[in-house]
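Consider the two complexes below, in which subunit A is the common component and subunit B and subunit C are the respective partners.
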Partner chain A sequence: MPLVSLIEKKSVSGVNSVTFSSIPATYRDLRVIIYYATNTVGNFNGTVRCQFNGSTSNIYNNELWNAENANLLTQASIIGSNNFMLGSGGPSASNNSSNRNPIDFYISEYRNTTLRRNGLSNNWGGGVLDSGSASSGNPYNYAYTGALEQESQTALSSITLFLSGTDNFIGTTMHLYGIG
Partner chain B sequence: VTAQWDLITRTEVTGSASVVTFSSIGSYQAYRVIATTLDSSGSDYLAMRLNGNTSNMYSVGYFANSTGGAVVANGFTTYNSVGINAGTNAPGTANSNALNVIDIGFANSTTLAKPAIALGGWARNMLRASGVIYNSSSATTSISLAVGLPFSTLTVNTVVTLYGRNIA
Partner chain C sequence: MTTEDKPMHMIVNCETHEVTYVPFTDEEIAQKEADYQAELAQKQQALVEAEAKEQNKTSAIAKLTALGLTEEEAATIVL
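After this line comes the complex of A and B, so read on.
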């Protein structure tokens, strides 16, 4: 039995938010692979965020690390947010023609109505920073990993991915896979 | 080159607690285990053993942090009966609907020691990333998972899925 089936691919540009809706209830787990850049002028120091089933309630928990170059920027436990973080940083306007930031987001047991919605997200990569960045280094490396929990036992049928702030995705692809 | 992960088997622990052992695992070049689990004590780790081996053959190094605290690194330490220290502190029964999600992958070489990576965490407690060497070149014939020290049971609301992959 194959592990991975492509459910949907989205290619987007000029939007802040993307939603995979009507996710079929025929798999065990889900995986979202994102390659993104932004239209930010200057450095994009924001984050990629996620909400499940369109919920904006304060039911999202996130244990995370976030590093850039040799600097560990964040080690946080965030309880009761209205979304969770999948990754950070990434190519902005001056280098979005040739660079993308990858995110690998695994969601386990997405249909289970006894257990809460849980996942792991990884965001590792490298690229070229805009000049004048506070984070020196060119190219640079970044790494993010997070454990995610939505305090909900509702079957997952939609996933919304968005950038913090008002910037938009540019030349971005998002693949949603069903697993198992 | 193409590669496909096959779903080998899945186990759900819904009744009495037990150690999960997969013994009909075929012969793949790589295996992947996805586990979602809780632990009745809420204070221990998910561990994995290959071929039931309890000898001093599992070397583990990791990064981990807890509840937003500093990330700590631990160099390779060899364990004898713990197996692969794959996960992190899991939710206890007070959080019986919460989950610790663990993703383990390892190469099933029959000529080299087996390297593995593991990432696990629960969003309200701990996050851990481990690198592991299982110092055996024997073919893997069984994979067992249990919680913590010593190698005890997995409690209810646990789902463990095993995948295998060959390189085409």
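After this line comes the complex of A and C, so read on.
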């Protein structure tokens, strides 16, 4: 199946949320790849979140497993239920092109109106050395993998990625691909 | 906070590739701050619970070894 690049953008200072709107109803699956940086110098305490179709009313089922310390993050513990959590931790320096962390998020059958929206996400430290981790010391190189489901059968036409808190995505590059 | 200082939404239209920037409203900022504080509190709580669980595990293994089990045997009981 061909992988077609739909959008490639770089975020500027002050941007806390990025929405891909008017996603063409042309493909079978979608893939979002971002390399994120923030304006925070030092350890970033926030998380990268996602909503589908701008909905805060649907329930978002989401669990993430962290290979670094074998912790399972659940909706009940940290993630919450009105968005997906795609990643946490790092990057440890501000707007540094060599210090950005990847998130790879695959969304299957985004137009199907008989199935709920779902996907798989991966987020890892990208080799970033981070002295801010209390759990593992330095160097800190985490890796999250997650399964996600939105309790909605509405075809997906927009994806919003945002940071918890009011930090911004300066220097973050974002790519959206259509597949199949 | 002035409009210039407010965090922004970046909206990318995938059909036209047009990019627009919209400042957060005061209500959105307040909600964001509240959500973030709740997230930090939950993170802290999770850390405290994980630490307590680890301490209980260490204590249980110590008590079982005092009864004559090896540490390996005790570890198979304490999960």
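Heads up, the rule we're going with is that the second predicted complex is superposed on the first by the 130 of 180 C-alpha atoms of A that agree within 3 Å, B and C clash if a C-alpha of one lies under 4 Å from a C-alpha of the other, contacts with A are read in each partner's own complex, and residues count from 1 in each chain.
Everything below uses one rule, namely that a residue touches a chain if its C-beta (ideal position, glycine included) is under 8 Å from a C-beta of that chain, and two chains touch if they have at least 3 such contacts.
None of the values given here were measured: they were computed from a predicted structure.
Student: Check whether A:29 is in contact with subunit B, with subunit C, with both or with neither, and answer first, second, both or neither.
Tutor: The first partner, subunit B, only.
Student: By the touch definition at the top of the document, which applies to A:149: first (subunit B), second (subunit C), both, or neither?
Tutor: A:149: touches subunit B, not subunit C.
Student: Determine, under the contact definition given at the top, whether A:18 touches first (subunit B), second (subunit C), both, or neither.
Tutor: Once the two structures are laid over each other on A, A:18 reaches subunit C alone.
Student: Which partner chains sit in contact with A:166 here, subunit B, subunit C, both or neither? Use first/second/both/neither.
Tutor: A:166 contacts subunit C only, not subunit B.
Student: Should A:119 be classified as contacting the first partner (subunit B), the second (subunit C), both, or neither?
Tutor: Once the two structures are laid over each other on A, A:119 reaches subunit B alone.
Student: Quick one: classify A:77 as touching subunit B (first), subunit C (second), both or neither.
Tutor: both
Student: Taking the superposition on A as described, I'd like to know which of subunit B and subunit C A:105 touches: first, second, both or neither.
Tutor: neither
Student: Which subunit A residues are contacted by subunit C in one complex and by subunit B in the other?
Tutor: 77-78
Student: Report the residues of subunit C in contact with subunit A in the complex, numbered from low to high.
Tutor: 6-17, 19, 21, 24, 29, 32-33, 35-36, 39-40, 42-43, 46-47, 50
Student: Report the residues of subunit B in contact with subunit A in the complex, numbered from low to high.
Tutor: Touch list, subunit B to subunit A: 4-7, 10, 34, 36, 63, 65-71, 88, 97-99, 101, 103, 119-127, 129, 157, 159, 161, 163.
Student: So in the complex, the part of subunit A that touches subunit B is made up of which residues?
Tutor: These residues of subunit A touch subunit B: 1-4, 28-29, 61-65, 72, 75-79, 84, 106, 108-109, 112, 114-116, 118-120, 122, 145-149, 153, 180.
Student: Per the contact definition, I'd like the list of subunit A residues that touch subunit C in the complex.
Tutor: So the residues of subunit A in touch with subunit C come to 6-7, 9, 11-12, 14-24, 45-47, 71, 77-78, 80, 134, 164-166, 168-169, 174, 176.
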